[in-house]
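Naming follows writing order (A, B, C and D), and every chain is counted from residue 1.
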Amino acid sequence: MKLFLLTLLNGLTLAALYFLVASGFTLVFGLMRNVNLAHGSLYLLGAYIGYDVADFSGSWFLGVAAGFVSMAAAGLLLQVLVFRHMEGQDLRQTLVTIGISIVLADLMLAIWGGTTYQFEPPEWLYGATRMPLVRAYPTYRLALLGTAVVIGIALWLFLNRTRVGMMIRAGVDDREMLSATGINVHLVFAITFAIGAGLAGFAGVVGGTALSIAPGEDVRYLLASLVVVIVGGMGSVAGAAIGALLIGLAEQFGLAYSPTYGVVYTFLIMVLVLAVRPQGIMGKKA
Amino acid sequence: MSIEKRTVPGVKRSLLAAAVLAVSASAGAADGVKMGALATLEGAFTVLGEDGMRGVKMALAERDNKACGQEIELITGSSDASPDSAIRAARKLVEQDKVEILIGPLSGSEGLAVKDYAKTQPQVTFLNGTSAAQDTTLRDPADNFFRWTTDGAQWQAGLGTYAYDEKGYKTVVAIAEDYSFPYTQVMGFMLEFCEKGGKVTDKFWVPIGNKDYSTIVASIPDDIDAIYVALGGADAVNFLTQYEQAGGDKPLIGGSITVDQTVMGSKGRRKSYVVGTPSAGPIADSWDDPKWQAFVTTYQETYPDGLPSPSLFAHGYYVNTLAALTALEAVDCDLSDDQAKFRAAMSSLELETPTGMVTLDANRQAVADIFLTEVAEADDGTLYNKVVKVIPQVPQTMGMDPEAFLALGPVGRDNPECK
Amino acid sequence: MSESAHRIAHANAAHALILEGVSRHFGALVALDAIDLRIRAGERRAVLGANGAGKTTLFNCITGDFPPTSGRILFYGEEITRFAPHERIRRGLRRTYQNSLLFPSLSVLDNLYLAARGVTRRRLSLLRPGPEDAAQESARELAHLVHLDHLADQPVSELAHGQQRQLEIGMALAGAPRFILFDEPAAGLSPAERRELVAIVEALPKHIGYIIIEHDLDVALRLADYVTVMNNGALLKEGTPEEIQSDPDVQRIYLGEQHG
Amino acid sequence: MNPVRAGVQGKTTAVGVYPGYAVLLILLLAYPWVASGFWTVQVGAYSLILGIISLSLMFLAGYGGVVSLAQLTIAGCAGYMLAIHGVNSAGLGLGWPWWAAVPMAIVIATLMATLIGLISVRTEGIYTIMITLAIAVAFFYFTRQNYTVFNGFTGFAGVEPPPLFGINWRDAMPFYYLCLTVAVLCYSLVLYLGRSNFGIAMQAIRDNPRRMSTLGFSVNTHRVLAYTIAGFVAALGGVLSVWFNGRISPGSISTGPVIDILIIAVVGGLSRPIGPFLGALVFVLLENFAIDLIDRDRFNTVIGVAFLAMVLFSPDGLLGLWEKLKPRLVPRREGSAGT
């Protein structure tokens, strides 16, 4: 029973991390039909930069901010320098992002080496919190869960209550209509890309603190994001939340009760969802 | 005209170029000895591979890149730690660069692959780098593959006994990554520990690449004495942090790469926690033997950009290169007759290394000293691995009768077992 | 033919196409409102109407691209309301599209060849088309029929707009068509291209009936022997070209709009 | 949708015998007589093998507009099945003779390709890329975790070509000719299919799937069949690959090599079946000799930058570059020597 509850909590907190990474991915895809296969690289790069800033300044929070800001800037650059010049050529964009992720992975290895980095969160986030039924649970992971909920709500408010957000949503539903209304589409694209990429960098620091950062994490989180949004439905933030929950829980329960094939289960879920609903749980028919 | 036709000149051109290159490349030099070194210089293990290469270069530099007056030409090859890439790199070194002696590779499954490849190249002598899979030399060995380093099970010699007798641990659970190297380490530990009467009630095989140990931590039962952890440095850091955060308080027993500098060097909290953790391996940073100290000093002086202290990768590549050079001297660089003399010399060599004397068994596998250590706190507050005991001349069969040892069967998730 | 004479003929002749109360809704929007339409075999009908009158939706319902929300469609006496598009094609119903829906990277001949094969029995074959392949043969005939023989091996993406419209018609003629729906075949064509197109349509075998949606009144009235006018998703008027041309309502709604 | 949409514009009206083919074939046949064993196998045969596997992707992507990242996975499946059914040194497996194990491996891998096709045919474009990537990774994880059938992390070693007709097929020259034969067969198959009814239909589906279905063609059946055929080609490559390496393990089918196949196909050019072989040759030369040129570990940067440059500046890969350069390099007369 205690193992079950702990695994449930672990699943929820892992889902929180997956949601943070995947929400940016799905946002960018929904608006721009651009599968950014360099999303995982943004995660890892944001984490490394965040680490250097946190290490230099001694403030973990500055590191988190640096992760978000640096990757938002990188996202802007990508959008302005690369993607704007190949709008509508989705496959080419995808290939370009694969190329970028290969180069970035190698350059990051050259700069930060193969060692593992771990953040030092503030003292009050470290250690365990007393909880009923499971005795104690790591404080940081609870904070991670809270952060994901807050970010999720903030994203929802942003998309549903602000002008830019509504433009983005309109763009997700009907891209042609968006340009027909005279809105500066490039601006909306740039903002979306900055937020999506920034979220990846943010998740890099936050996730790197919960676990650690090392080469290979880029591919791991790219794959996790892929599976999450395929299951949840491309372009839907709510779908990303549902997908993240399913995958996070599957992974942890797999690890607890059937570790050998734990990783394979998440992919089985994906294939099952696809067989029944090719557009994902919350996705709209293309 | 047809489209297909138009592309033909392109292919023609590149093939011609290839053919020209091929002809010119096959005309090799005659003087000196060509030595190849193969390590992982791509991918996540790059740092380790680079340290291995330092070991090769140190051994060469000690003799001015010469053996019996002949220049040694070193050609490096790189893999990405996958067996396929190791084979391709080895093939290039052997078949294209025509090396006569090959040092490498770095990791266990690469070692198995290179051993298989060695059988097809009887004219070349292969010496291990640091790969530590048991079966590279134990089962179906290659006549021309020599391993002057010990395997993953040997590395754990003495640990099981120490944990049972001195530490008083009777029941433990094992946590390790789910592949062959950790299987071998767990076996090395369990052989002695189970023999003594200890119980390993559960083994948690963590899928490779898993970083989230929270659920593993939650699964650890309360009624055990200690946790045997055979995780690599980075994963060890992850596990320890998460275990401590979850309020865990069981003592640890470490595999050969569990409580290394990565763990002890990392800042802050988990420090005090690992003090007293025993482990065992082929080297011990803080061993006060003068030969070892001299080795460390040379390393630090030669490679100011290197690691703080030579890793077991630098050590392993160094020892194997050293063996090759010593044997070359012994036969005055006579590599004729498919290197028969050279190999005979190597087989009977008693090699003095910074970590003691090393000899080879019938399968060309090293018999060497193993270091039993325990994490201790120095006066200045830093942590180091204090040498508790040197287990002398550990054979691959761990002191068992070879027949009985082989009868244990290949290591695996469920072999051995003592619940 | 007077209107009454037409009615009598209707009652007696075999009908190629009968629509009974066909409606199509898109959410709250009613694109087609209970359309009743009867077209004899071999009849050539023009459908006029302002933009958004529901003409293309009518076509989509008939061909099955969007099935109707309610109502019945009979093709030569057989109910086809719920048939998939290709099943209707196999029964001899064809259409051309307003925006060319061709295969741009394939040659003219390949486009026609595929259209011809689409109605044959063994569509899936791993073999190359042999010299005696019937579909290959008919593709050449079709290219000739729509005056594209000289461009047969040209990729479609390199054709002029007018030539692409001609090819569209050629695709619709593949197999054994009994009835064709032309969706603004002359839109965007130059006068010369228009003449060519009219010539091609006029030269169609007499047993093939069709409905043509066309904004160019000259083209429409020349190619039709009976005219239907639509407005707001419903039928407004039916009559001979002469009757329609002189109808005040039609002039107000449709022609007025057309001519300023 | 560049570069795939750039499409297969090749238009051969008949399978004529071109002098260029004859010259190329003679060169390829003569190659091992002038090249060393290393150049024959590690460069020659390996390029052909990678070319065959990438050719299967070119067939899907160039003709059908379907970019599948699971082609190496299918090749790997064939390799695994051969190791499992045939003889290996891991002490596992069924030990069947080669004439049973090889067809079995190819059949199972082709079936797997069909299955992948059935799963991913419901998706289009970039969705297909993602789903096939996910399938590839799932298979990789599965082989690494499963010991009873796939022997987990270690995989299988000692998989050798059969000693047929008294020839050791692992020797440089026989193995090269074996690979060349298979490559020529696969190349011819793809070339033939490109102008077959099926190939024309696939290209039409790439251009406009909806119109194809209104014409009465079953788009999904065609696509699944394309996966099957591509899978068959990839499986042949996979069998050769496991003989080439003598072994197979999860590392052989992990994400890195999976992406490599895409890189090879795109760098070579997706518009014609020769493209993948060009790409493979360049890739193999870089992989072997980059270490001699750029000190050591930046191989992936070189590969990545080359790939990026191709995608950005020459959507049709090396083939496209050749098309651009040819007018300057080759004198006019070339044009008259054709069909």
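Keep in mind that, in the parts below, contacts are C-beta pairs under 8 Å (C-beta built on N, C-alpha and C of every residue); 3 or more make two chains touch, one makes a residue touch a chain.
None of these values were measured; they are calculated from a predicted model.
A.B. asks: Provide the labels of all chains in contact with subunit C and in contact with subunit D.
C.D. replies: The common neighbours do not exist; no chain touches both.
A.B. asks: Need the central chain here, defined by C-alpha centroid distance to the all-chain C-alpha centroid.
C.D. replies: The chain sitting closest to the overall C-alpha centre is D.
A.B. asks: How far is the middle of subunit A from the middle of subunit B, if each middle is the mean of its Cα atoms, in Å?
C.D. replies: Each chain reduced to its C-alpha mean, subunit A and subunit B end up 37 Å apart.
A.B. asks: List the centre-to-centre spacing of subunit A and subunit D in whole Å, with centres computed as mean CA coordinates.
C.D. replies: The mean C-alpha positions of subunit A and subunit D differ by 33 Å.
A.B. asks: Give, as an integer number of Å, the spacing between the C-alpha centres of subunit C and subunit A.
C.D. replies: Taking the mean C-alpha position of each chain, the two centres sit 50 Å apart.
A.B. asks: Counting only Cα atoms for the centres, state how far subunit B is from subunit C in Å.
C.D. replies: For subunit B versus subunit C, the centre distance works out to 76 Å.
A.B. asks: Going by the contact rule already set, what residues in subunit D reach two or more other chains?
C.D. replies: If we look for residues of subunit D contacting two or more partner chains, we find 5, 9, 11, 141, 145, 297, 299-300.
A.B. asks: Could you pull out the residues of subunit A that touch at least 2 other chains?
C.D. replies: Where subunit A meets two or more other chains at a single residue, that happens at 109, 260, 263.
A.B. asks: At least two partner chains per residue is the criterion; list those residues in subunit B.
C.D. replies: Residues 46, 178, 207 of subunit B touch two or more partner chains.
A.B. asks: Going by the touch rule stated at the top, which chains touch which?
C.D. replies: Once each pair is checked, the touching ones are A-B, A-D, B-D, C-D.
A.B. asks: Residues of subunit A touching subunit D in their complex?
C.D. replies: 33, 35, 89-92, 94-96, 98-100, 102-103, 105-107, 109-110, 219, 223, 226-227, 230, 234, 260-261, 263-264, 267-268, 270-271, 274-275, 278, 286
A.B. asks: Using the touch rule from the top, collect the residues of subunit C that touch subunit D in their complex.
C.D. replies: Subunit C residues touching subunit D: 63, 65, 85-86, 89-90, 101-107, 110-111, 113-115, 117-119, 123-129, 153, 155, 171.
A.B. asks: What residues on subunit A touch subunit B, complex-wise?
C.D. replies: Result: residues 2-3, 6-7, 10, 13-14, 109, 113-116, 118, 120, 126-128, 135-141, 210-212, 214-217, 220, 251-252, 255-256, 259-260, 262-263 of subunit A touch subunit B.
A.B. asks: Under the stated contact criterion, what part of subunit D meets subunit C in this complex?
C.D. replies: Listed in rising order, the residues are 5, 7-9, 11, 13, 192-193, 195-198, 200-201, 203-204, 206-208, 210-218, 221-222, 225.
A.B. asks: So in the complex, the part of subunit D that touches subunit B is made up of which residues?
C.D. replies: Its residues touching subunit B are 9-12, 16, 18, 20-21, 23-24, 27-28, 31, 34-39, 41-44, 46, 89, 91, 141, 144-145, 147, 152-155, 157-158, 170, 191, 245-247, 249, 251-252, 254, 256-257, 272, 274, 277-278, 281-282, 285, 287-288, 291, 296-297, 299-300, 318-319, 322-323, 326, 330, 334-335, 337-339.
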